[in-house]
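First chain written, first letter: the chains are A, B, C and D, and each begins at residue 1.
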Amino acid sequence: MKLVAGNIFGFWMFLVVAIFTLVLINYSKSGKINITLRKIAGLEAIEESIGRATEMGKPIHFSPGLGDIIGATAAETFAALEVLSYVTRMSAKYNAELVVTIRQPNVFPLAQESVKQQYMAAGKSDMFKEDTVRFLSNQQVAYTTGVVGFMHREKVAANIMAGLYMGEALLLAEAGAQIGAIQVAITASMTQLPFFVAACDYTIIGEELFAAGAYLSQDRIKLGGIAAQDYIKLAVMATAVAGALLMSSGSNFLNRLLVK
Amino acid sequence: MRKEVPLVITFVVAIIVMLSAITTGPIPGTSIAISDLFRQHISPWMTIVSAFAVGLASVNLLRVHTRAIARKRNDWIYSVILIVTLAIYAGFRTYVELNLSNATAAANYALIFNNILTPLSAAMWALLAFYVASASYRAFRARSAEATVLLISAIVVMLGAAPVGALIWSRFPDVQRWLLEVPNMTGQRGILIGAAIGGFVTSLRVLLGMERGHLGSAD
Amino acid sequence: MQISTNIWHWFMAASILAMFSFLYKENPFYRVAEHVFVGSTAGHALGMAIGNIHRFGWRPFFEQSKYSLLIPLVLGIMLYARFIPKINWVSRWPIAFLVGVGVGQSIYTSLRTQVINQTLGAMIKIQGATLMQTVNNLIGILGLIAVLTYFIFSIQQKGVVRRVAHGGRWLMMVTFGVSFGNVVAGRISVLLGQLQNLLGTWLGII
Amino acid sequence: MDFLKKLQNVDRRIIYLLFVLALAIPLIRPIGIPLQISPATRAVYNIIESLDPATDVVLLSFEYAPGSGIDIHAIPVTVVEHLMKRGLRWVGVSFSPEGPLMMNMIIDDLESRGYKYGEDFVNLGYMAGEENAIRLFSLDTSVFTTDSRGNSVASLPIMQGISTVKDFAFVHGFTSSDLGIAGWLRQAVDPLGIDYAVGVVTVSVPSATPYYNSGQLKGLLGGLRGAAEYELLIETPGLGASMMDAQSMGHLLILGFILLGNLSYLFGKKK
C-alpha cells in the first residue's frame, strides 16, 4: 500500500495537523490553556431573537442549509447542526416553538435526533413533536418555495439560517424581511453572502460558521479546536509568505514540497 | 455498546473513504486495495442507505400533512394537494425506474416532469430577479465605508458584465476583470482557506466522536 | 400575435403567474403551486430512491449474488427503527455510516484541495513583468494575510491586529460586491427566460 | 423634500412593475448592443475545434435542475450544437437527479433532426451519491450497466473503447452549483489529469474563475452571456443572443434603483 503521488506531503501534514489539534483540544479540556474568543457580532443576537419570538408567541424557523452530510459540504452542515443544538436549547429555555426545515434527506435523521436530545436534556421532551423537524423536498427550489410559504403563513418571528446556501438565499432572506422577522444568517457560501448582508439583520461570515458552535456553547473541546484553527491559519500565512519570498528569489523549493 | 458501535462505524468508514482516495496497492497482509473496498462496497452502500433516507424523510413529510388533514387544520386542503401529487409522482417515477425499457412510460413521465415541475421551478427562481431589484433599492445603501466599498464594486462589475457597460466606458470590462481576478480572488481565497480549516477541525471532532449530538446521548 | 393552443403552454403560463402572484401577496394560487411543487419533487425523489435501491441493491443482490449488499439494505431498514421506541437506538448505525462517508470525503480533501492548493496559489513570484502585475501580486499575498487575520478568533482584535483584520474585511466587501454584481446578470437571465415563455411561447407576441 | 421621503419608502410592488417592463420591452423590440467575446469562452471553442471527429468522443456532464432556467440550459444547447456541427460524438451523464431530463430536452431536438441515439450520443442517466458517484464513474464507466433507456451500455456503439473517464477526449460539465466543479476537480480532473471545461450559471462565475486561472479548468462558459458569446463563435444565434439587450436594460434599471435608493437615503439623512 502506497500513497498516490501528490498526497505525500498532504498526508503527513494531515497527520501532523490532526495530532496538533488533538493536543490543543486536550490542553483546553484539562484546563491547561484558557481560550477566550473575540466577539462575533451577531451570534448573541440569536438568543435575543428567540426571546422576542416568545414575547410575540410566534415560532422560530431554523434551516441547517442546503448542504448534505456526504460529499464536500459535510463540515458546513455539521457546523450548522451545532448551531441548531444551541437554538434548540434556547427554544427550550424560552418555551418558544421551533420549526426546523430540511432539504437533504440524509440530514433529516441527524437533525431530528439532535433536536430531540436537546429537548430531553433540557427536561422539555414534550416540546418535541413530529413536525418540529420537517423534511420538505430535496429539490432546492421546491424546498425554498415551501419555506417561503411556511414563513409567510406562520409569520415566524425569528429566522435563523446556518450552513451552506445557494442561489435561493435571497428568496429566503427576502421572505423573512417582508414579514419582519429578525434574521440571522451564518454561512461560508461566498456567492450568497452579499444577499444575506443586504436582507438579514445579522450575517456571520465564512469561518465564523465553524467557530459558532464553540462560541455559543463555550465547550472546552470546541474551544480547543478553535485555537488549533488559529494556529493552522498562522502556519498558512507563514507558508504563503515564505513561498512567495522564495519564488521571488528564484527558488520553487516550497512549492515543489507542497505538491509532493 | 449502544454508544460505541456508531462511533466505531463512523471512524472505520471515514478512514476507509479517506485512504481510498490517496492510496494504491493492497492493504498489507491482504489482497484488497482500499480504493477497491471503497469502489465496490462503501460507495454503492452509501447510494443505497441514502435512498432509504429519502424514504424516511418522505414518511415525515406524509405524517406532517396527514396530521394536518386529520385535525382539519386551516388550509388542510393544501395538504391533500401535496399528498396526492406526491403519490402520483412517486408512483409513476417508481414504475419508470423499475421498467427502464418501457420508453413510452419514460416519455410520458418526462411530459409531466418537464411541463409541470420545470415551469414551477423556473418561475420561483425568476422571483429572485425581482428581489434583487427591490433589495438594490432598499438595502444597498452607502450606510458605512464598508457598505460603500461593496456598492461600488458591485456597480463596476454590473457595468462590466452587461454589453451596455462597454458602450458607456470601453474599459469597464477590463476593470471588471481586474476586480474579479485580483481583489475578488484574494478575498475568496482567504475565505476559502479559513472555511476549509474550520471544516477540517469540525470534521476531525466528528471523526473522533467528540461531536455527536446527531448520535444522541447515552440512553 | 397568436396565443398558443397547447395545453401544456397554458399550464406553464399558469405556473409562472401563480408564482409571480406572490410578489403582490401570499395567496391561494401560490399555495396550490407551492404544495404541488413540494409534493411533486418529493415524489420524484422518492421514485428515484426506490429505483436506486432496486438498481444498485435489490437486483445485484438477487441476480448477481452480491451478498455483501445485505449490509446496506439492512442498514437502510434500520433507519426506520426510530419509529419503534424500544429499538430506537439501532437507527443510529446507518446515521453513523452516512456521517463516516461524509467525514471521510471532506476531512482530507478540505486540507489537501482547499488549504494546500489555495496556499500554493498564493505562493507566486512577487515581481511581475509590469508594475501593475507586481501590485496585483502584492495585493494577492497581503490581502490573503489580512483576510485570514480577520478570522483569527482567539486573539482580541486590538491595535495592529485590528487594523489588519479591518483591511481583510474591506477586501471581503469587494468580494461580496463582485459576487452581487455577477449574480444580477444571472438572475435577470432566468427572469428573461420566463418572460420569453409568457410573451413568446404562450402569447405569441415575440 | 416630501417627494424624496416618499421615494425612500416606495412600495416594492412599483419596483417590481417597472422592472418587468424594462425587460419585456427590449425583448419585444431588440436594440442590438454589440458583444465582446471573453478568452474563457474562446478556450472552449478552440478545444472543440481541435478534436478529431473520427476518433474522439466527448463526455458531457449535466448537473443542474430546471430551476436555473436558460441561464445554464442555453450553454449545453449551443455546445452540443457545435459538437454536432463538427460531427463529434458525445456521451451524457448526470450526477444530479434532474440532469437526465434536462439532457433529454436537447436529445429530443437532435433526434427530430435525424441524429442517432446510441451512435451520435447517449444519455447514461443519473447516478446518486454526488461527488462519490463522480469518482466511481471516473474510474470505471461501466458502473452504468444500462443507459437511461434501458439499453445495455456495453453494447452501445458509441461506448466501444471507453472504460474510464480518461478515454474521453474532452469533458465538459454544466453545473448550477459550485460543488459540481469542485467535485469534478477533486475526484476526476486533478487525480486523473483530464481536460475539463465547464459551463456555469452566472452567479458561479466569480467562484469558478480561480479554477480557470489556475488551469484546472480548460475553459469556462458563464451563464446566458457565455452562451450568447458561444453562439456568436459558432455563428448560430440562439437563446442567448436574443436576450442580451433585455439583460442590459435590466442592469441599467437596477443601477438606477441603487442610485435612486442612495440619493433618497442621503437626502433623507440630511433632513
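Here is the rule we go by: contacts are C-beta pairs under 8 Å (C-beta built on N, C-alpha and C of every residue); 3 or more make two chains touch, one makes a residue touch a chain.
In this text, all values refer to a predicted model and were calculated from it rather than measured experimentally.
Asks: Out of curiosity, which chains are bumping into both chain C and chain D?
Replies: Output, common partners of chain C and chain D: A, B.
Asks: Taking each chain's centre as the average of its Cα atoms, which chain lies closest to the overall Cα centroid?
Replies: The most central chain here turns out to be C.
Asks: Which chain's mean C-alpha position is the greatest distance from chain A's?
Replies: Between chain A and every other chain, the largest centroid distance is to D.
Asks: Looking only at C-beta pairs in contact, point me to the busier pair out of A-C and B-D.
Replies: A-C
Asks: Please work out the Cα centroid separation of chain B and chain D, and write it as a whole number of Å.
Replies: Comparing mean C-alpha positions, chain D is 18 Å from chain B.
Asks: Calculate how many whole Å lie between the centre of chain A and the centre of chain D, each centre taken as the average of the chain's C-alpha atoms.
Replies: The answer is 30 Å.
Asks: Averaging over Cα atoms per chain, report the distance between chain B and chain C in Å.
Replies: Here chain B and chain C have centroids separated by 4 Å.
Asks: Could you check chain B for residues that touch two or more other chains and list them?
Replies: Where chain B meets two or more other chains at a single residue, that happens at 21-22, 46-47, 50-51, 53-54, 56, 58, 61, 75, 113, 117, 120-122, 124-130, 132, 134, 136, 140, 150-151, 154-155, 158, 161-162, 180, 184-185, 188-189, 191-195, 197, 199-200, 203-204, 206, 214-216.
Asks: So which bits of chain D are touching at least two other chains?
Replies: 16, 20, 65, 67-69, 97-98, 128-129, 131-132, 182, 186, 190-191, 201-203, 205-207, 210, 225, 247, 250-251, 254
Asks: Could you pull out the residues of chain C that touch at least 2 other chains?
Replies: If we look for residues of chain C contacting two or more partner chains, we find 19, 22-23, 31, 33-34, 37-38, 40-42, 44-45, 48-49, 52, 79, 82, 92, 94-95, 98-99, 101, 103, 105-112, 115, 119, 121-122, 144, 148, 151, 172, 175-180, 182-188, 190-191, 193-194.
Asks: Which residues of chain D touch chain A in the complex?
Replies: 65, 67-68, 97-98, 129-132, 176-179, 182-183, 186, 190-191, 201, 203-204, 206-207
Asks: Applying the document's contact rule, which stretches of chain D touch chain B when the two form their complex?
Replies: For this pair, the touching residues of chain D are 10, 12, 15-16, 19-20, 33-36, 65-69, 98, 101, 104-105, 127-129, 132-133, 135-136, 139-140, 146, 148-150, 187, 191, 202, 205-207, 209-210, 213, 225, 244-245, 247-255, 257-258, 260-262, 265-266.
Asks: Which stretch or stretches of chain A touch chain D in the complex?
Replies: Result: residues 4, 6, 68, 70-73, 138-141, 166-167, 190-191 of chain A touch chain D.
Asks: List the residues on chain A that touch chain B in their complex, please.
Replies: 1-4, 7, 10-11, 17-18, 21-22, 25, 70, 74-76, 78-79, 81-82, 85, 102, 105-106, 108-114, 116-118, 120-121, 130-131, 133-136, 138-139, 141-142, 144-145, 153, 167-168, 170-171, 174, 188, 190, 194-195, 197-199, 205-207, 209-211, 213, 221-222, 225-226, 228-229, 232-233, 236
Asks: Considering the complex alone, what residue numbers of chain C touch chain A?
Replies: Counting only chain C, the residues touching chain A are 19, 22, 26, 30-31, 33-34, 37-38, 40-42, 44-45, 49, 79, 82, 91-92, 94-95, 98-99, 101-103, 105-112, 115-116, 119-120, 122-127, 137, 141, 144-145, 148-149, 151-157, 172, 175-177, 179-180, 182-183, 186.
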